[in-house]
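You will see chain A twice below: alongside chain B first, and alongside chain C after that.
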Partner chain A sequence: MPEPILAARGLVVELGGRRGLFRRAPAVRAVDGVDLAVASGETFGIVGESGCGKTTLARALLGLQREAAGEIVLEGRTVSGHHPLAARRMRAAVQYVHQDPGAALDPWWRVGRTLAEGLAIHGVTDRAEQEARIAETLAAVGLDAAMAQRYPHELSGGQQRRIGLARILLLRPKVVILDEPTAGLDLSVQAAVLRLLRELRARFGLTYVFISHDLSVVRRVCDRVAVMYLGRIVEEGSAATLFREPRHPYTRALLAAAPHLDGRDTGPSLPGDPPSLRAVPHGCRFHPRCSMAIPLCAAQDPAPEPAAPGHTVACHRWRDAPTEHRDAA
Partner chain B sequence: MSDRPLLAVENLSVHLRTEAGLARILDDVSLAVPPGRTVGVVGESGCGKTTLLRAILGILPRGALIPGGAIRFEGRDILADRAASARGRIGFVPQDPYLSLNPVFRAGDQILEIMRRHAPGTRRDHRAKLVELFRAVQLPDAEAALRKYPHQFSGGQRQRLLIAAALSCDPALVVADEPTTALDVTTQREILALLRRLAAERNLSLLFVTHDFGVLAALCDAVTVLYAGRVAEAGPTRAVLDDPRHPYTRLLLACHPDRAVDLAGIPGTVPAATAQPAGCRFHPRCPIARPACADAPPPPVALPGGRAVACPHHADALPEPALA
Partner chain C sequence: MSAAATRLLRDPVSALGLAIVLFAVFVAAFAPQLAPYPEDAYESHLLQRLRPPSAEFPFGTDNLGRDILSRVILGTRSALAVALSVVVAAMAIGIPVGLFAGWRDNWVSDVLMRVTDVFLAVPQLILALALGQLMRPGIETAMVALALTYWPFFARTVFAETRRLRSALFVDALAGIGARPSRILLLHVLPNALPAVLVRATIGMGFTILTAAILGFLGVGAAPPSPDWGLAVAEARQHLPEAWWFPTFPGLAILLLVLGFNLLGDGLRDAADPRLRRSRR
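What follows is the complex of A and B.
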């Protein structure tokens, strides 16, 4: 594998710890020992249920959330271990597009002013250059330059998303973290947004970290995928392999639960809700919900091990899982 | 589908006066839910799904006009005859389990209040029945659940509570508005399985509004596809998903990541309800539109297998780039 543009080693992020005079509220580990390597130019998917730590991981990569342990390397440079303000400055090449970028537009400001503000904050203060870059970027996301004169309420939902993307692209990022970029979109708009993202990646040489719970979309657009469960990556591999031959019982359950157009019955469902981070099970975190769990699973935390080249899985029993899968045909 | 429908929406139109003019939100919409069957209504935002549900539930916004049509439930027109309205006989499962329960009252009390208004029997009867319902929707520790507040349940459990609420007055029909969109896929799968089981055990009819074709495929016997307030296509779910006939349904399904050859999208946008195009409402975006498509709304064409499509050109191939 080529040198990753963004990597994390043993990353731990703690949330909400408080030390008072009389009592201490223990912190929860939302991200607990994550290793990750995102290659330049790829779309790296992160999937998992709500509360698995996807967004906290993204915030830590971005530098908004300070890591409690571990290391983050961006373009070969260690950027972790700093105060949030400094951390964010060192990671200007990493930008974040949140779920509904339209909601981040100021309703009282013309779109052009919002776009120019981002540029000014990042040191581009020359009016003419601002305007030139805004026009160029609007064209790249498929919008007319005249759109800069509009107010957010005059735009459709799809157009607002494009503006949200333009706002990030103006800053010339190298890595863009997309948090649920298609949540709440209609199918036809979703297709247009995914196509646009693909075009922008090629045109600006971007690398994407693509956080989503829509497995159909992830399968479609991601090169590699990491599956998270309770703050850990339990399986990682190329999208093609992972969806064809999922090894971890959790990945299998997740894939089985996703509804498909052909309405096939997809096997037994996963019982129970994801346990809370405040009561992380001992041993393998998935063992209380796992149909294959043995006593070893409750006693010992499984370390990630290679199941195939470029495919790792953290499970004591992945070798014993039935190999044929519904997508094998 | 030969048996007499439990619910029949007949040529229903719903208009709304707005500042921007008259919004023709539903136009000449017909659909039927036979007893014991699950029917899906699918369409993108702005197609009129929610208005259709509100019309059926009798909760249209003030000022809504109904220029034509009828909604028959158990044979009676519930639009014309308010007294005949289907009190308690139609249950409703809302979209967002997080917003639909009042956080300051016990969940059990909120459902008991519905039963006090709409179901016969004493409070003691209601309590006993609710515990039984909580068991039927597989809430852990049904007796204790009665005394808990909404925040003490997870998202999936709250959706189970709301399903119990929808069933609390012995409905014949349950209407659900995207009840799984706010849930994770593993929870969604459990809720869909629960709805399927309850519908079979209690011989319930289900009208299920969704924008997710995967959910539709998993749950519904038949489907009606809405576009801009009109029915584009209707028929058995498998047949419609495997061989869509309306150009809109064909293009929309081609956008699904499971099926898309290339992520093309559909050119243009859904028209505003105040500015619906004349003739076929899809014609400005349709790759096989002809001049006559702009003249009059196309009547539904009946197809074999209980299907209908509102497009006279449904047999024409779409041009390659449109499906590429």
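What follows is the complex of A and C.
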């Protein structure tokens, strides 16, 4: 694998810790020891159930959430261990597109003013240059320059998404973290947004970190995929092999539970809800819900091990799993 | 904003409030021109003491023979000026406190909000009276006392709005593109909190006029011979029940202006209600 553009080693992020005058709230570990490496130019998917730490991981990579331990390396430079403001400045090459880009715009500001603000924060204060860059970027995301005069509530869902993209593309990022970029869009708009993302990646030489729980979308657009469960990455590999030969029981269950458009029966869904982060199970985090769990699973936390070149699994029993070859959907 | 304004004017009660407030502002602006005897602010005419309302003196005259209508008109200006300066001063203290305490989540914000709660727990009038007694009695003292007792209301309002907006997605997105907290607070959080602050300020105007009149009545506020409404009511006490017009008209002026501000404030609150403001988003 070539030198990664963005990498994390042993990343731990704690949430909710608070030190008040009289109260002291304990923290939970939303991300607990994540290693990942994103290669330049690829689309790296992160999938998992709601609450598994995907968004927290993204916010930590971005620098909005300070890491409790571990290291983040951007283009060969260590950029972790700083206060959020300083961390954001060092990681200007990484930008984040929110799940709900409409709510990410100040409702009282015209879209154009919001776009210009990003440029002003990044030191582009000349009005003429701002306007030229905004017009150019709006064209790149397929919007009319007149859109800049609108208020956020006057835009459709697809337009809001495009504005959200334009807002960060103006800052000339190298890595873009996309949080559920297709959530809440109907299928035709979804396809248009995915096509736009592909075009923009080629045009601006972007690397994507693609967070989603929509497995069919991830399968279509991602080069490599990491599966997260309760703050850990349990399986990571190329999208092609991971979807064809899932090794981890959790990945299998996720894939089996995904609905099929062609009318095939959906497999058994996962029993129960993911446990709370306040009470992470001993040993393997997944063992209370795993159909293949053995006593070892409750006693010992499995370390990630290579199952194939470029494919790692954190499970005691991945070798014993029946190798099923899933046909391409 | 225009949608909110339309909603405000469509409600007859709040439109009435707005009309009263605008009328008071007009009267205050042109008080010397409108008052039939503008010099009566300070001059006394002992030969025409305590005349009942007539064509010459529609509201009658007071114990020093001054035209009460003129003094009510001239008093509008000081009533509004006092209320406005008190509210502005209270905002100048309360808004920064609320912004800071709402934005941060540490022991400093805890201390600030507990101090605010203590101020809110003590009745404002008692606190203002105590402060007024500590300092030299006078209208300036009353204003300082009122401002020092009204800021916690703004601090509470802005604190709640800041807490709500702090977790808003657009604030997170701004932090995401590297905006400094000062930029987020002043350019984004404060304008979004402004409707609530405006409502609080309008209601505060009415409340301050009333409290200032009470302070004047109790002798902690304006000093004679200034044409203060509360003071006029206090001076009239010795001449009751014969000279009923003496306290009635200044009292009605207080009532009308306080009512106007309260109706307008309630209307603004309804117009700025988040459930009705959906079209903004």
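The rule we apply is simple: the second predicted complex is superposed on the first by the 315 of 329 C-alpha atoms of A that agree within 3 Å, B and C clash if a C-alpha of one lies under 4 Å from a C-alpha of the other, contacts with A are read in each partner's own complex, and residues count from 1 in each chain.
Note that a residue touches a chain if its C-beta (ideal position, glycine included) is under 8 Å from a C-beta of that chain, and two chains touch if they have at least 3 such contacts.
Values in this document were obtained by computation on a predicted structure and should not be read as measured data.
The superposed arrangement places chain B and chain C next to each other on chain A without a clash. Using CA centres, the angle subtended at chain A by chain B and chain C is 80 degrees, rounded to a multiple of 10.
Looking at the shared chain after the overlay, A:278 reaches neither chain B nor chain C. By the document's definition of touching, of the two partners only chain B reaches A:258; chain C does not. Shared-chain residue A:77: touches no atom of chain B or chain C.
In the superposition on chain A, contact of A:187 is made with chain B only, not with chain C. In the superposition on chain A, A:118 makes contact with chain C only, not with chain B.
Once chain A of one complex is fitted onto chain A of the other, the partner contacts of A:50 are limited to chain B, with no touch recorded for chain C. Contacts of A:158 after superposition: chain B is touched, whereas chain C is not reached. Per the superposed model, the minimal spacing between any CA atom of chain B and any CA atom of chain C is 13 Å.
In the superposition on chain A, none of the residues of chain A is touched both by chain B in one structure and by chain C in the other. For chain A in complex with chain B, the touching residues are 49-50, 156-158, 186-192, 194-195, 198, 213-217, 219-221, 253-254, 256-263, 269-270, 273-274. Every residue of chain B that touches chain A in the complex is listed here, in rising order: 44-45, 154-157, 184-190, 192-193, 211-215, 217-218, 237-238, 241, 251-253, 255-260, 262-266, 269.
Partner chain A is touched in their complex by these residues of chain C: 105-107, 110-111, 168-170, 172-180, 183, 187-188, 191-192, 279-281. The part of chain A that touches chain C in the complex is made up of residues 18-22, 62, 64, 84-85, 88-89, 92, 95-96, 98, 100, 103-109, 117-118, 121-122, 151-153, 167-168, 171.
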